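We call the chains A, B, C and D, going by the order they appear; numbering starts again at 1 in every chain.
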Amino acid sequence: MKIKVGIIGATGYAGAELVRLLSAHPEAELVALTTQSYGGKSFCEVYPHLYKYVDQKCCELDIPDLVGKADVIFAALPHGHAIPVAREVLKQGKKFIDLGADFRFDRREVYEQWYKVEHTAPDLLEQKVYGLPEVYREKIKSASLVGNPGCYPTSVILGLAPLLKHGLVDTGTVVADSKSGVSGAGRGLSLGNHFCEVNENFRAYNVGMHRHTPEIEQELGKLAGEEMVISFTPHLTPMNRGILSTVYAKLKQEMTLGQVRSIYEEYYRSEFFVRLLPPGILPQTKAVAGSNHCDVVPVVDPRTGRVVVISAIDNLIKGAAGQAVQNMNLMFGLPEITGLNRPGLYP
Amino acid sequence: MKIKVGIIGATGYAGAELVRLLSAHPEAELVALTTQSYGGKSFCEVYPHLYKYVDQKCCELDIPDLVGKADVIFAALPHGHAIPVAREVLKQGKKFIDLGADFRFDRREVYEQWYKVEHTAPDLLEQKVYGLPEVYREKIKSASLVGNPGCYPTSVILGLAPLLKHGLVDTGTVVADSKSGVSGAGRGLSLGNHFCEVNENFRAYNVGMHRHTPEIEQELGKLAGEEMVISFTPHLTPMNRGILSTVYAKLKQEMTLGQVRSIYEEYYRSEFFVRLLPPGILPQTKAVAGSNHCDVVPVVDPRTGRVVVISAIDNLIKGAAGQAVQNMNLMFGLPEITGLNRPGLYP
Amino acid sequence: MKIKVGIIGATGYAGAELVRLLSAHPEAELVALTTQSYGGKSFCEVYPHLYKYVDQKCCELDIPDLVGKADVIFAALPHGHAIPVAREVLKQGKKFIDLGADFRFDRREVYEQWYKVEHTAPDLLEQKVYGLPEVYREKIKSASLVGNPGCYPTSVILGLAPLLKHGLVDTGTVVADSKSGVSGAGRGLSLGNHFCEVNENFRAYNVGMHRHTPEIEQELGKLAGEEMVISFTPHLTPMNRGILSTVYAKLKQEMTLGQVRSIYEEYYRSEFFVRLLPPGILPQTKAVAGSNHCDVVPVVDPRTGRVVVISAIDNLIKGAAGQAVQNMNLMFGLPEITGLNRPGLYP
Amino acid sequence: MKIKVGIIGATGYAGAELVRLLSAHPEAELVALTTQSYGGKSFCEVYPHLYKYVDQKCCELDIPDLVGKADVIFAALPHGHAIPVAREVLKQGKKFIDLGADFRFDRREVYEQWYKVEHTAPDLLEQKVYGLPEVYREKIKSASLVGNPGCYPTSVILGLAPLLKHGLVDTGTVVADSKSGVSGAGRGLSLGNHFCEVNENFRAYNVGMHRHTPEIEQELGKLAGEEMVISFTPHLTPMNRGILSTVYAKLKQEMTLGQVRSIYEEYYRSEFFVRLLPPGILPQTKAVAGSNHCDVVPVVDPRTGRVVVISAIDNLIKGAAGQAVQNMNLMFGLPEITGLNRPGLYP
């Protein structure tokens, strides 16, 4: 029997990636695609690449009904909107994977400070598991409520985890400079997404105040075993998919590249989705676009005593829908790579 | 037992797509990847998106050895170079799918006139089958030598086939205006492929003299049952993948859109890869990029008495590697969609 | 004394190009920049490339006041909105250059049929001059009301004018296949302008029913001296600026390339902005982007008896703001190239 | 009498920008355009945007002859090649502006260590002036030999200069993360510049070992009055023009944004080309593309105690040809903005 899946917010870019991945997933069956804007329309009219693959209609959200029909619910919604869904899912004993920010934080105060709204379900924050399988795999397996990580945090945390876990860097020196494709901002319309404003343009935004900052700090801090405060700057890149993060940190002591690479090799030895590239090859977004991989390479700069880690993901896959499916696989006892073991497209 | 596959010219873009598709094909096994430039190098170093999927090395071409090892050979080579391969393949009783131009033409004179070289194996032109499954499916099933169609011809022929087969257009009025992404020109270096020369640029090239012209004319002519001479203009578009063809022809008699659509519906009813989009939706390259589909829509313009057909393909897949795999499936008695039943990526 | 200029709709892309061109024009002085969306805001906050060049604020439109202050008014407005402005301009004895469609047509019926609204000032259609200087230079010099041509029409008409003027093509065989950058659709938000929907995509739109069709037909017909009906298909290209038109027509009689080129040479001999490129070089949008030029090259295809004309413009300059300034220069007795004699940027 | 200008390496991208800017410069006259690849060809055939603006032919380089004809020579050559030109220029008492790296360093050892070649004219390093007018204006006025800054250094140095000059940051904490368009790599062919490899891709390169690092360190160090070692990472962005640098540094003491902005305002008060954007607006490459401006904005992050400076330039103009013309203007006693007072193109 296949896993019955309901997707809330199916017609955004992350939602549509969930539909694409799950429609080809051998153990999943889509039972409901809800959307705010396209109720009643065929999903393929909204996303014509899926003709002959998805024949369902978009429907409007009725939470209890949807939860009743599904074994697992994915939500790709603006923050705040996932909380009532989570309540119902838990009441009915189903599973919930939230691609938004409502279940990523351990402390409601942090969420409330950065997202500027009250968190109305602080009790659930204790039940939730942060859905980064490479760090929380065992907890995810038995979780009912998973907060799927943000796209930037995924790239930065996977980039630094081995070093922090081993206590090798001065935690006060971390600078994460990230560059994202435009699909990260979703399919909603804004001047900032207008083709002519983005094309042939590169810019930073939300310098020092992006909401992924505290999420990154929370997870880096847990890996390091101490509070961390970092500089994080997101940038908008004229491309559709991909995040590349360049992360800088001072090494506590001199280390060779070989020593640092050994740490990464060991840490990621049994991970399929994280790829430590061979010496001399650096991550690039094109090599992961269309796949659930995170490519990582640390570089040691003896002149400055810093390690510079480059990591790359597809923001819609490892940074959103693919990671969510990876979490579903874990939560349902499936092999983790089910439905995700495909390389991306190049070029 | 899996089909043993050898690929000649594996490190060009079409070759790399063959590697990607066949490495995930449930009935195929890659036994040799030959290349001129990267002999001895790991294939993944040349194409890093395939880390963890392909672990073979590139090797240099030894034709008899390669043919000995493989059940089927694909070649993605400049014209002229496939002929000695074909000889050896047929001698050893294997199968050959050529992605170049050497086995596309019925008449050597046409090839020689447009490609400016002698065709040294005219006898093989009689054995070859033109590898467009939607037109030559039965012949392909029993063929040993398949000339895989050019990318532009695939889009134009599939766009016009239903109308020509029914004799509905004035064959002297056909104008095919095609727009291609840059990967169609291959991975070789030239000023015309330099990022800065292509980006933020749009241009026509080889006006009235592109080598795909006689290939299109040959196949359209056979469908129509009469010699055809058409205007064909290729254009270079600042994108990686995709061809969109806009094809104009005068209708012999007045027809409604409904009548024309019925013809297409019937003609493509049982085709998986050709998608006649519903009324009101036009083909776009993004909806097929990453897939083996050809999206087609005819528009009737009563003011001018013309039908305008829009068709879209991914030039590297339905226009090259995907169609070649589709041919392989037919030649080996597999379901035609094996390894190809995936939608593309959007956005 | 400088010409006092008012611009209505200054914060759209065409409006902002007017501001950029006129702020550097040695004989012009901007006296009012009106806008619907940004009233009271500094113009540079809306368009930060103009810091240190334009220090005016955007203001809301008060027609009589604006007309009172200015010698010439430019309007870049949706169709229908320019008519009350024209009335007031003529009443006060000023000059008006409309970048919209309200004053491009000779016959109100054509406008009403294609734009689906009543034309409330048919009397003004008799006074208006179609602002294509290469065709109507003398009339423009004495005009008070100029309908600035559409972007697609500019490229198609300049491409075919020499042939039609000499009666060399079969007027029933004209097919114009045009490809435009995204800025042609303006700065307004729509899913069709979202970066991720356009980037890595190519598509046709409004096949057989784009509103520039009757405008092209009107002007081609006048050049040919007979009614013309053509096929015109616009396409959206993933770039900011530029239109390339590929125009096909049957020659009435056999002609050599040399003969056809002579016709173009003679026709455009004294034009600064139209450039007949030397044999062997084809127009490309990048060679005109940022300039007021239209590059044109005819190709003769003896196989089909067709001439294929390629023409390229910057849709915002020769296709809108630059041509409008060219018209202003003529209307005020200035050298036609004043403020426009700059090449574009490459790459 | 106009300044007679010779350009060596005129057909690269930086060279072609020199040609474009100087052909419109009211006080300059191009007397020779030399090139390695296109000798004898008309310059416009190589760069068709300049038809009707430049009618000269490319010629091969004859150093004494060229220097004899010109008052000032610009060279855009690979490193090492400018030294014999400089010798001849000084011998003949002319002026030389080198866009390469041969005359940027104060100490030959630094050059030799990073560029891996011997510097054969160490005596000239003492005569040379580093051509960053905002820092060395007075020296440039009387210089005969100017080393035009690298593109990345221009953006980083102008971004940090005010803070270093006032001793406000901890010099050991500087991280410069820069992102460049592709034209910075020149018009030469390489797989790294192939459209399909760059488009829809973002990547870092030369991490920790880019040759602009010591140039940045030299100039930052002189501003700070102490040796500096920084982390510098360049990235390749899928666009033609533009560099955006994001520069991080720890403030020595707490400062408000207002205090930091005052420092910048004062430092750049009389600079035309450096624009401190108003609060709330961040630099973006599109706002400077096509112009000689450098847009700068400092952001104070009280959480981390860091200042984050964002700066943007057009790498071919303020990062190369435009700055070179600015230097020429200074060296010949012209107003500094002559021929450069144009905003860029947007969008």
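In this text, contacts are C-beta pairs under 8 Å (C-beta built on N, C-alpha and C of every residue); 3 or more make two chains touch, one makes a residue touch a chain.
All figures in this text were calculated on a predicted structure; none of them were measured in a lab.
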item: Minimum number of chain-to-chain touching steps separating subunit B from subunit D; value: 1
item: Result of counting contacting C-beta pairs for B-C and C-D, higher pair; value: B-C
item: Label of the chain whose CA centroid is most distant from the centroid of subunit D; value: B
item: Geometric centre distance via CA averages, subunit D-subunit C, whole Å; value: 37
item: Between subunit C and subunit B, distance of the C-alpha-averaged centres to the nearest whole Å; value: 39
item: Set of subunit D residues in contact with two or more other chains; value: 13, 183, 196-197, 199-200, 238-241, 284, 286, 289, 347
item: Subunit D partner contacts - residues on subunit A that touch it in the complex; value: 173, 175, 177, 179, 181, 196-197, 199-205, 207-208, 229-231, 233, 235, 237-242, 244, 246, 248, 282-286, 289, 299-301, 303-304, 306, 308, 310, 312, 347
item: Subunit B-facing residues of subunit D, complex; value: 13, 182-183, 187, 189-191, 193-200, 238-240
item: Touching residues (chain side subunit C, partner subunit D) in the complex; value: 13, 16, 20, 23-24, 45, 47-53, 183, 199-200, 240-241, 272, 275, 277-278, 281, 284, 286-291, 293, 295, 342-347
